[in-house]
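The same chain A turns up in both complexes below, where it pairs with chain B and then with chain C.
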Partner chain A sequence: MPSSTALSPDQQARRRWMSVLAKAPAEKLIHLWDSLPDKPDWSYLRRPETGMVMVRGRAGGSGQRFNLGEMTMTRCSIRLGDGRVGHGYVAGRGQGHATTAALIDALMQDETRRAALEQAVIAPLEASAADRRDLSARKAAATKVDFFTMVRGE
Partner chain B sequence: MTETLLAGLADPTLDSQRVFRAALDALSRPGRAVDLPDVLPDGAPAPLMPATAALALALFDYETPVWLDPEADRLAVRDWLRFHCGCPLVADKAQARFAILAGPLDALDGFAAGSDAYPDHSATLLVQVAGLSEGAAHRLTGPGIELEETMQINGLPDDFAALWERNRGLFPRGIDLFLADGARLIGLPRTTRIERKEA
Partner chain C sequence: MYVAVKGGERAIENSRRLLAEERRGDTSVPEVTLAQIDEQLSLAVDRVMTEGSLYDRELAALAVKQARGDLIEAIFLLRAYRTTLPRFGYAEPLDTVAMQVRRRISATYKDLPGGQVLGPTFDYTLRLLDFDLAAADNAPEAEAADAPLEGGMPRVTDILGHGGLIEPEEPRDEQEVGDLTRDPLRFPAERDVRLQSLARGDEGFLLSLGYSTQRGYGKNHPFAGEIRLGELAVEFVPEELGFPIEIGEITVTECQMVNQFQGSATEPAKFTRGYGLTFGHCERKAMAMALVDRSLRAEELGEQAKAPAQDQEFVLYHADNVEASGFTQHLKLPHYVDFQAELVMVRRMRETAANNAARNDDFEEAAD
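Now for the complex of A and B:
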């Protein structure tokens, strides 16, 4: 697995939006897509298909790699009328989710549309992902127990 | 991106079954041309013919190393095979389980013929020819042929019957052959006996 330092800035940018699209809730992503103006012509290169991927983990970032387990995912590849290819890899069985993620990935590669899409789709999704993470971090923090040592004998 | 990637099968499950069925028909009736169903919404990446491309989509996967002859070895073909089939592309023809020959077929040597214990570990060649109905006539006999079949191929080498006889001598080892022209296909399993018909 190449580290992120080995990726070009373009690849890092694409990795970021692919990650946002993959983790976004399907209904929200599809809703944002539906509200976008001027949709492009597109066709399937590879229709959505559902499969399993092995998720690998590593304890503490330095331990041995181990197979954590398999998860369901759906992938899809599309091609726009101008030949740009977009890929969507998303968790779960959402075929519409994978197709929409692929479409947005293809459009994000178009420099002229990137800024608008970033503002209309990626930024809101990223913000709501941060909110979700924040909320679960707060919930977890509320249950945190601080252990301290009582000094005995006084 | 250099060239536009072409789409794969519209319905991967049913279309690949249809193509597989046609390939099975071709191999079970050697020498008789079979029409492959039209399964490619965008056509085939040049120089592949529709029949070759359809067979590739139906048969190739990550377990089948594929060898391309110099004529077929183009970036568009490599990208297309990698994307749709996920098959490894090998430079050494002896490692290949399938080979695509878009140029002339000059030898059957060098391809894996399997072993006596595993004769199925052999290569299947997809050879593109210029025509399946004119050219030198060959008489075919053997399993799948009641009396005899006549095959006329435009684009096989003159000594094809001799090359094939050598392949047949390896039985049960040996390679199997598909001849493709456009969307038509002739199958030649290793069991078929081929003689050159003198005009």
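Now for the complex of A and C:
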């Protein structure tokens, strides 16, 4: 991802957890949030709002950009009692998803909480996403054509 | 002449109720759920998202249900819904090399880096009706290899590109990206607008046009350089952050057609490209799109543009099935006054013709 190489370490860390939160199944994320101890005080900075993002492709995969079509996205911003601001930007229309992502984004910026949240929320979500990806990639691999067998015994 | 324009309210309301009842069908049969449509009629959902131009599986499944399986009606419903949502911005362009590939084949190279991955395809099925599916207790399981497929598969066209044998694609990021949903079509249309139009275009129309180019209506000698299907993260740069984050994953199908180009006095012979990209798994559509993308490049490549598939206005003005359906179906609206006028005119023409004939008869009689 060339666009992320110029980011500061803080930005890269935030990019990672926000991406994990956005890609997590909503029910799973909300369940993890519900089971967290000591929830902070918070209020909406911007209530969850559903809209669209235009998805773009490139001609030939690498050429001129073009508009492929839109996708739904929901965004939400919250402010914690201590003033930290969190944002949720998630595909789909899940308002609970966006709010929960914003809350965890805000909490992750608190260094005293980060390690615990990483362990309780981010790492498990990332691990189950990796498992899903691995299973899908192994099923695809089973359909890979092995032309080599045709010339075996030359 | 009096034309009744009121009085249909009760009939319309009852028609809606009848439609609702028929949509539901026999209530002793369980109602289909959106999750069932999404999971088990997933290619219908994919087509509705692609041509409806909105990636949202649940909304597309709802549209399919509401339209009773009429996919063009479902596409119309999704297009109408999208006009109710604000647009938050533009995602970063998809990088299809980063795709988590589930299917990837090439008809140009047998052995290519990453290999031929068949994935879930109808290609090798016998097209015999499978009566096992008529029973409702199917739970088949796919084979999984020990090792996953490696990521970051190179594009076949990039492999050809290293030898300079295929035209390069230039990113031209300094150019604005045209948007059909904001600005009306103008001709000649740039490739970005053409690709957007083709991506939204009707699969059947593009399939037939693509087919016509293969049969000789427009010079086209394509190879399926590569077709790939899989998942990609969509990146978006929120204003508050100023750097890209992934907002989710979508499934896309990409087709790279490789076509001959004879070369010219100034340019050596080389291969040219046609490109297709769709939401979901719409392989036939992606291939047809790539064929038509290439045929619409005729003028740019100095070819004679004589066939329908090479005619920008013909293709782009007729590719959209919501527009085509609307204009065809508007014929059902009351045209009572128009028709009365035509009726009067036809009667008058017949009278005139009869009078003329009578006058001619009189004339001939007088001459006798």
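A few comments on the model shown:
Rule of thumb we're sticking to: the second predicted complex is superposed on the first by the 138 of 154 C-alpha atoms of A that agree within 3 Å, B and C clash if a C-alpha of one lies under 4 Å from a C-alpha of the other, contacts with A are read in each partner's own complex, and residues count from 1 in each chain.
Note that in this section a contact is a pair of C-beta atoms (placed from the backbone, for glycine too) under 8 Å apart; a residue touches a chain by one contact, two chains touch by 3 or more.
Keep in mind it's a predicted model, so treat the numbers as computed, not measured.
Once the two complexes are overlaid through chain A, chain B and chain C fit side by side, free of any clash as defined at the top of the document. In the overlay built on the shared chain, the residue A:S35 is in contact with neither chain B nor chain C.
Using the contact criterion defined above for the overlaid structures, shared-chain residue A:T112 touches neither chain B nor chain C, since it reaches no partner. Touch counts on chain A: comparing chain C and chain B, the chain ahead is C.
In the superposed model, A:S136 lies in contact with chain C only, and not with chain B.
The gap separating chain B from chain C in the superposed three-chain model is 7 Å, by closest C-alpha atoms. In the superposition on chain A, the residues of chain A contacted by chain B and by chain C overlap at 49, 77, 85. Looking at the complex, you find that chain A touches chain B at residues 43-47, 49, 77, 79, 83-85. Touching chain A in their complex are the following residues of chain C: 49-50, 52-56, 58-59, 82, 85-98, 100-103, 110-111, 115-120, 142-149, 151, 155, 157-158, 169-173, 175, 177-181, 191-193, 195-196, 199-200, 230-231, 233-236, 238, 240-241, 243-250, 252, 254, 256, 273, 275, 277, 279, 293. In the complex of the two chains, the chain A residues touching chain C come out as 1, 3-4, 7, 11, 14-15, 18-19, 22-23, 49-73, 75, 77, 85, 87, 89-93, 133-145, 147. Every residue of chain B that touches chain A in the complex is listed here, in rising order: 1, 4-8, 10, 12, 41, 83-84.
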